[in-house]
Amino acid sequence: MIKTGIVGATGYTGSELVRLLYNHPEVDIRIITSESRKGERFSDIHPHFQGLADYELQSADKVPEEDLDAVFLALPHGVSMDYVKKFAGTGLRMIDLSGDFRLSAPDVYESWYGKEHTFPQGFKKAVYGLPELHRDEIRNSRLVANPGCYPTSAILGLAPLVKNNIIIPGQVVVDSKSGVTGAGVKAKPTTHYSNVSDNFKAYGLKRHRHTIEIEEQLSGLSSNGTMQLQFTPHLLPVDRGILSTIYTQPREGVTENQLKALYADFYKTHPFVRLRPEPPALKDVRGSNFCDLFVTYDERTNRIITLAVIDNLVKGAAGQAMQNMNLMFGLEEETGFVAVPLNP
Amino acid sequence: MIKTGIVGATGYTGSELVRLLYNHPEVDIRIITSESRKGERFSDIHPHFQGLADYELQSADKVPEEDLDAVFLALPHGVSMDYVKKFAGTGLRMIDLSGDFRLSAPDVYESWYGKEHTFPQGFKKAVYGLPELHRDEIRNSRLVANPGCYPTSAILGLAPLVKNNIIIPGQVVVDSKSGVTGAGVKAKPTTHYSNVSDNFKAYGLKRHRHTIEIEEQLSGLSSNGTMQLQFTPHLLPVDRGILSTIYTQPREGVTENQLKALYADFYKTHPFVRLRPEPPALKDVRGSNFCDLFVTYDERTNRIITLAVIDNLVKGAAGQAMQNMNLMFGLEEETGFVAVPLNP
Amino acid sequence: MIKTGIVGATGYTGSELVRLLYNHPEVDIRIITSESRKGERFSDIHPHFQGLADYELQSADKVPEEDLDAVFLALPHGVSMDYVKKFAGTGLRMIDLSGDFRLSAPDVYESWYGKEHTFPQGFKKAVYGLPELHRDEIRNSRLVANPGCYPTSAILGLAPLVKNNIIIPGQVVVDSKSGVTGAGVKAKPTTHYSNVSDNFKAYGLKRHRHTIEIEEQLSGLSSNGTMQLQFTPHLLPVDRGILSTIYTQPREGVTENQLKALYADFYKTHPFVRLRPEPPALKDVRGSNFCDLFVTYDERTNRIITLAVIDNLVKGAAGQAMQNMNLMFGLEEETGFVAVPLNP
Amino acid sequence: MIKTGIVGATGYTGSELVRLLYNHPEVDIRIITSESRKGERFSDIHPHFQGLADYELQSADKVPEEDLDAVFLALPHGVSMDYVKKFAGTGLRMIDLSGDFRLSAPDVYESWYGKEHTFPQGFKKAVYGLPELHRDEIRNSRLVANPGCYPTSAILGLAPLVKNNIIIPGQVVVDSKSGVTGAGVKAKPTTHYSNVSDNFKAYGLKRHRHTIEIEEQLSGLSSNGTMQLQFTPHLLPVDRGILSTIYTQPREGVTENQLKALYADFYKTHPFVRLRPEPPALKDVRGSNFCDLFVTYDERTNRIITLAVIDNLVKGAAGQAMQNMNLMFGLEEETGFVAVPLNP
């Protein structure tokens, strides 16, 4: 059994981790922490867990470093790095769900996140936790930087094209639409029901920090120079799910069948990526760890359109974290994933 | 032209007042106030008004008491009373959209609202602003206490039965369901999108303060003693609208046709109450000042079921306030109401 | 392994059965049928199952009666009875998710369902499949009539009160609110998005056929005569979930603590009923087989209010069916139920 | 008074026409037709009009051609052309809300709509009814082809860039998201509540017929050759509204301020286009005839992003039709438009 702890219990990623780990046959959750709600029960904050997960929340000081195998950090950006630092000297394997170690270097972090990084040493050890790109490194890692939700969809949608040098690097538009849980559990005007319901808008134009995360990962995959992309997130009136509509231009002639074969080949050993014959919808993956992809070629305009759909809380956060944990502990990637998507 | 001011601009009732008064041919909005946002424009806070209502928000200290005819108080309970006190000595006609003067006496207020009332003298002057019950008093009033949203639906649904002494006073259940805007514009956990969307729950069981407002008004209408009722509000995943399902028991034999005739007679001179041949839905009144009613009799169980539907921000707040203003200034009740319900 | 078949694959209950049985360690799905879509794959109709459940749909004629242990009938009312008749002579255990065998006798069925019953003999064998009331009979049954969704919530909410003779039999109001999936998978005006979204209405007043199902079950539990109730269903703009708000009157003095103790005792051996300290919400049970209950007593009005919440497709249909299957085959009731509720 | 008729009353555009014309001071609705529901009342089909618009629906044969000034055709594509033909010889001014006369020629229509055109002569007379581009022609027209909903948003978003020769003609991506009412009033799987709610997907990739409508209009505006664009529509879980996110590339250096000035100049005499300082949301225009635009320049990527928001049933259909009618009859464009957007 993998003895695990979850640091940060009040948010959606903490809640999803417990939902998923609950059914994992090899995991024993030993501690769940919350500084703001310690002493309360996990199910006081998330009442749907009543009778299932009534853990008493504790301070992170109580994490039994010697007697745990793995810790999930479900904390805000900027907070997580302190815990990575704290646990760095122990034998704990860490899966960090924040953005603190996803980028290549501290100065890139500081430039896009607008704050100083307090544990720059962590970048050397951190592996970007997208199994479809970095499975082997993840297996051997002690610190996994779990990818952002938008980047997971965009990178998985683009990777076969970039890796195979199909597209013009500078002609990439990623138009993404996300459910509200991506904005977190905290009540604020942007998540106020009547500001979201029956509504829709773009936000974070030009400088959303997931832009650089996508660009760095794709550039690492490219043999054809730096990838630069136009990324525009939008807020959907739904709870869960991201759909990214990705527009690219082929460097030379290509057919739809070639594209489909190329995607099939790229993902043939990756159980959570499904290639779909028709455009996928958010509910097709809701609650599950799938990333559903659809690719097509428009002869009229000479553009490739790729659609990528995930559940932002699962493949975009807690599910990917559990997938990474499986790899880090030598298990099959699918171990413990039981949920068929919930649709409707 | 009626020179009006609106005190309190940041909430939904303030916004709705401007939406409705904008099309009123006899109204000139002279000032809109906000203490927290003064100096900003009304359309900075409510951007859908850009180009339509770019008023600069001012402190309530700037209300030109001598040069106004009417003032709407769109303020929270407990705050409004201070402004009623402040304006009491002037010639201003006041329409108070809070709950501060809806009940019969200060001690009742204190018992249900849990706070002391700082202007008990106001109760004597205040008229309960439900035109379908108190049209004449409203015409002559200088202070109208605009009814609560739930009470508007419940009282209009029950009034013909109570007035005509049809039902057993103690056997009344009002099961109400409201949209989220009833909880106000402020972001809080109860209005957080993912807590509301695809969800539903009851709240305020047994002691919601609208209970006493409904009971007092109906008792005043009854020749058969005090009305007591079971009132349960629920939170719907919709923006606007209240549907109250009302269960009563007849004192003696009654037929469905008799009931329909009785409702038709009761509301025959009231343009905003529509008697519907089928159960009404929220969207049938959305954005409008209508209260749609449906009544039926169940022979099998000997119960009367009444359905009452309103838009909580219009007939349940700002629309009713404008209807009251029309009466106070000798206009036809419908003056300025142009909007057909927005459906879908 | 329990060799099972599912007759009727295109609707929501068929789809949910596959979702739940997919994770059941003792079940082998051998055949899924559809007359209208035979030859297609199950995942063509429900694409979220791609890669998980790509069964080729077959005609029900192909059900291998000799080589199956159990069959689920996920069919419309009036159709199901023909299959019950067809399989009655075989050794198959049947779980019928339609309303065809839920009532006490053919004439009651005909009176409330408005159609003749073609297999009246079935009523003698059928057991009403609510495990919290009829666990032992279900264990020994070969034909389980799986309860309706509204009745599951109403009966579980009322059973402790009725069984213990707490309430006045004629004073029961059940005001229920259901998500849209209760109306089925077929597109029709009542399920058209813009008729449901941001909307709410009552329907089926006075004569919804679930009324008699609730009354019969409760009357069977009562030592105090026939139960009669006022049942009003409403349509919520949500996918899944039923919340029933139940109003009753005690025969004599009662306290809230007594009520809570009585419910706790009644359900102490029933793993899927959770007694909640606060009013439950739909999402607290979404995707799960839980029925969450809350009970309170209003001293002011001398009424008991009970809230009952289920997922209509799980505890109200497919989950309850799997729970019944577990009982029929000597398994623990919880076997195979892995899903924590999906919230948000 | 303009004596008008509405041919086609059962759909959303028919219903919206009545909502808007109801408040128009110069319009007298003389007849509303429906072949499928003739004899019924308009408010039987659209019950929110009860007491407001109880017209008896008639066959289109009853349209009093001699005694009408204008007729709105709110009919499906392929049906409308027959009525245009029928009324072509009369003095009636026609506003056709279908797609039958929006394109440049019958063969283009046949290629994109996949059906033969039965009144090719109509193309010569028809004026494309986008007042911001063709105000003068509309004033003198007897047949206005009211634009499609997506094209209205896309063309208004792109027109200043195309007209001023700012962008590279082949590098245009229009990623559009629409509410469900765009799919019509008829119940079908794509508009089934549970297929839309909490969901999102792309559809009509590469060959949606609005593509050619946008391309033709923009090409007509361009002094720099044919415009070709990538257009991808998506289905939002909202009732009303379209947001188009438009990506273009400047031919040469440009600044954000230049772009904003250029848009301001282009629309300075057009009352229904609002230039917004921040990205607009659907609800900012809901129920109104506004098109809200936002433009920005991304120096990092050298791309221009334009956001265009409309209510698809108003500026995208019935409102634009009334705006066109105003022009055709010499009225101010804004005449009769009273509704402030309904938000929330």
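Note that the chains are named A, B, C and D in the order they appear, and that numbering of residues resets to 1 at the start of each chain.
We adopt the following convention: a contact is a pair of C-beta atoms (placed from the backbone, for glycine too) under 8 Å apart; a residue touches a chain by one contact, two chains touch by 3 or more.
As the structure is a computational prediction, the values presented were derived from the model and not from experiment.
Novice: Between B-D and B-C, which chain pair is linked by the larger number of C-beta contacts?
Specialist: Looking at B-D and B-C side by side, B-C shows more C-beta contacts.
Novice: When the C-alpha atoms of subunit C and subunit D are each averaged to a single point, how far apart are the two points in Å?
Specialist: 46
Novice: From the C-alpha centre of subunit B to that of subunit D, how far is it in Å?
Specialist: 37
Novice: Between subunit B and subunit C, tell me the centre distance in angstrom, where each centre is the average of that chain's C-alpha atoms.
Specialist: The separation of the two C-alpha centroids amounts to 39 Å.
Novice: Of all residues in subunit A, which are in touch with two or more distinct other chains?
Specialist: Those would be 12, 181, 194, 197-198, 237-240, 280, 283, 286, 344.
Novice: If each chain is a dot and touching chains are joined, what shape do you get: line, ring, star, complete or other?
Specialist: Here the contact pattern is complete, since every chain touches every other one.
Novice: In their shared complex, at which residues does subunit C touch subunit D?
Specialist: Subunit C reaches subunit D through residues 12, 180-181, 185-189, 191-198, 237-239.
Novice: Which positions of subunit B touch subunit D when the two form their complex?
Specialist: 12, 15, 18-19, 22-23, 46-53, 181, 197-198, 239-240, 274, 276, 278, 280, 283-288, 338-344
Novice: Along subunit B, where are the residues that touch subunit C in the complex?
Specialist: 171, 173, 175, 177, 194-195, 197-203, 205-206, 228-230, 232, 234, 236-241, 243, 245, 247, 279-283, 286, 296, 298, 300-301, 303, 305, 307, 344
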